[in-house]
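Below you'll find the structures, each written out as structure tokens.
Two complexes, one shared chain (chain A), two partners (chain B, chain C).
Up next is the complex of A and B:
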């Protein structure tokens, strides 16, 4: 069996597993899984830029928040229908990524991290500044009545799970396909050796900009989906914490692997969920586990699997 | 030089502060031939090809490639026009397989045609003699094989002009002989600009030689002419008796 066939089977298998899990899991865990899938979309968007292109952004919360507010504000204040508001959210995030990319991609390495961090901080302050509309830190709730799609209730457990799974599947398969295209391979080349890539005749700058736009837009999908499925839009999601999360998830799951982001989010979610049932000091446990993983599995869970067992892992 | 030139520089100059790495270099590269660029250390050879390939920005002067002024094009555009460049210090994709390294080089042209791409990669790997190592991670290769891989990446682009910056540096004697054979087999297929310290390689492969000294062209001609040139002997060959 060729590697590409194996990876197709793997991706379809993961999706099949997620379908099965909905029927076998108790409602509490199914609910968790909806959230995990939405956050995994965010992690996958981040992974395209960090894991595949080698650009470490510390400001992705601005794209997540752009999707969230682009969706929430057009829906709430503009009265737009759900699909249109959703598209608005994604377009907002993509457009923001274009603008940020044109400025921030003039830098590299540590400077890029700092510039994206600062822009995200600006984004957070903008949300607070326009408190009249965004309700600032307090945020606003999207009423259940607004979260309907053609008679389909997106607030029910089933509605949530199905929507999250569909969106996750689109992004998952789409990105898995993208990284196999010549474009995706070139992103990996840039990560490995940008100067060499340029001297092979590739326009590294435009590749990085396109990667950032796609990464931002996918993060926007996650932000809009989060608001849609969980009914809340707030400035917390624009804070630096939400820029660090995707980095952690991707590092844990395996940067530059297609299934790493899902694994990372899942692992982190249940790590905190489980340890918090035993002790109040759950962040301590989470911290220790994170340190251990970084020491013993520096390439993340999926990355180590690829290195040791499944060399074909995409 | 009587031959048609494919690449030409006029008054190419590079100043680092007050130091002139290259001053007023007028150079013509004969189409389909192997031209060696030689000169003592610090003569400005790498700076010169850096300006030709677009890696280094020229302070003044112009570069013409196939009749087109490319002086202001970024490096990747120059590569797209048909230049290829191998680095003096080995520069490959160490984390990727040998196959993928070459595929990346070929994909810019053949990206839409997977069969042709695969055929090209196989052909190039076979030609340079590392086809059996296609699945190895490039960073695990020996130094000599990494140099060869880098040449393979140049060939995979089907360049009109192939710039090789000290390709035999650090190679074993037998590998150098293989390299000489490879360059000879390319004669007529493409135009080669070779920066080289190894005089054996230069004398056995070059159709023409240009000698740079202190950033300026000291002499140009066939290997026999250069060998007989008194200025060159004084500046360069005289100091390397084994040549």
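Up next is the complex of A and C:
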């Protein structure tokens, strides 16, 4: 079997597994899994920029929050129908990524991290400042009646799981395809050696900008989906912590691999879920995992697997 | 109060903020200058300084001055030792790679913060100032009886706040002496200019790195011990100093120590003055946006000369 056949089978296999798990798992874990899938979309968006293009952003929470508020505010205050509000959320995140990209991509390395961090902090403060509409830290709840899609109840366990799975499948297959295209290959080339890519005649700047826009828009999909499926919009999702999370997930699962983000979110979710029954300082686990990863396994779980066992892993 | 006395009060508050900030930011700036790494856990070393100061003062008891002096002597050394250990255990192993150091120090940030939450708890706890006399300040005005001096109601400061400003100046002068006049300073500067060449001349670069990382954390802790009688110790208090120190170091020019001091005074004073007169949220929004813009259009900082 060629590697591309193997990787197609792997992707379809992961999706099939997720379908089967819904029927097998008890409701509590199925509920967790729909949350994991939505967060995995966020991680995949982050992975495109960090794992494939090699740009470490510390401000992705602003795109997640843009999707979330773009959806939540147009739905709640504007009274838009769900599909339109969802699109509005994604467009908000993509447009924000365009603006941030035009500014932040003028810098590189450490400066890029700090600039994105600063912009995200500004975004968080802006959410707090417009507290009359956003309700600030407290956030607002999207009523059950508003979360219907053509008679399909998105608040039920089944509705939630199916929607999360469909959105996850679209992003999962779409991004897996994208990184195989010449565009995706060029992004990897930029990650490996930007100077040389530019010498070969590729416009590195515009490739990075497009990668950032796609990455931001996918993060926006995750933000809007989170608000839609779990019915809560709050400023917590715009804090630095939510910029650190996707970095953590992608590093844990394996940066620059298609299945890494899902693996990373899955492990981190259950690690925190289990430890938070023992202590309220559950972020300690995140810190320890981050340190261990940077020191011992900079390529993450899927990365280490690829290095040792499955050389064909996409 | 009228505008004049009000402004004077705001400037005094700003000067206290600037004093603490210049110590904290100097720690971050030295670490960046010599080691070329960004220490995201810097704010947590600040927090650790404040929390340990509470432990030391409450363990000793007796007169508040006794505990305070003990904290001032013990705590920075303790925090420096913790930082140097973290440097040895983590940063050294990843070869001070810029990107991985950021991720690693984010990890250290959460470890320190959450360990404090588990041991110290989520409450804010005060440390008593060694002396805290209220001093009324005079204000001069040209009235109908000629030049007159009077004491407006509310225009006052405490002796402790003045002590903080003086202490910061003394500490920074001492630091400047160490860097420019001693052998340790010479070795630090050599490592900063060219670590490979320094190594070739027999400078133990690894030890210098640990020392510098410890010194940076110790300066943050020193600032925290000084501020803790004014502001209570809390496990999340490291967030604002980190952000402000970042801003100061960037505005002052990455790696430029005089630039750091100038920027700390500028930012600290304006932070104090702006937050007295304007809504703090809008002030923070403008400040963070400005810093991002400075980095985008002038990556070497306002006072920096060459790009890092």
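FYI, the second predicted complex is superposed on the first by the 294 of 314 C-alpha atoms of A that agree within 3 Å, B and C clash if a C-alpha of one lies under 4 Å from a C-alpha of the other, contacts with A are read in each partner's own complex, and residues count from 1 in each chain.
Definition applied: a residue touches a chain if its C-beta (ideal position, glycine included) is under 8 Å from a C-beta of that chain, and two chains touch if they have at least 3 such contacts.
Here the structure is a predicted model, which means the values were calculated and not measured.
Trainee: Just checking: does A:113 make contact with chain B only, chain C only, both, or neither of them? Give me first, second, both or neither.
Mentor: The answer is second: A:113 touches chain C but not chain B.
Trainee: Touching A:177, do we find chain B (first), chain C (second), both, or neither?
Mentor: Neither: A:177 stays clear of chain B and chain C.
Trainee: Have a look and say if chain B or chain C is in touch with more residues of chain A.
Mentor: C
Trainee: Output check: A:195 vs chain B and chain C. Expected answer is one of first, second, both, neither. What do you get?
Mentor: first
Trainee: Looking at A:308, would you say it contacts chain B, chain C, both, or neither? Reply first, second, both or neither.
Mentor: neither
Trainee: Does the superposition put A:5 against chain B (first), chain C (second), both, or neither?
Mentor: Touch partners of A:5: none, neither chain B nor chain C.
Trainee: Touching chain B in one complex and chain C in the other: list those residues of chain A.
Mentor: none
Trainee: Would you tell me which residues of chain A are touching chain C in their complex?
Mentor: For this pair, the touching residues of chain A are 56, 58, 103-104, 106-107, 109-111, 113-115, 118-119, 121-122, 125-126, 128-129, 244, 247, 251, 279-284, 286-291, 293-295, 298.
Trainee: Hey, which residues of chain C end up touching chain A in the complex?
Mentor: By the definition above, chain C touches chain A via 38, 90, 93-94, 98-100, 102-104, 106-115, 117-118, 243, 246, 250, 281-282, 284-285, 288-289, 291-293, 295-297, 299.
Trainee: Spell out the residues on chain A that touch chain B in their complex, using ranges where they run on.
Mentor: 182, 185-186, 188-189, 192-193, 195-204
Trainee: Please output the residues of chain B touching chain A within their complex, sorted ascending.
Mentor: Residues of chain B touching chain A: 53, 55, 74-77, 79-80, 85, 87, 91-96, 100, 103-105, 107-108, 111, 153, 157.
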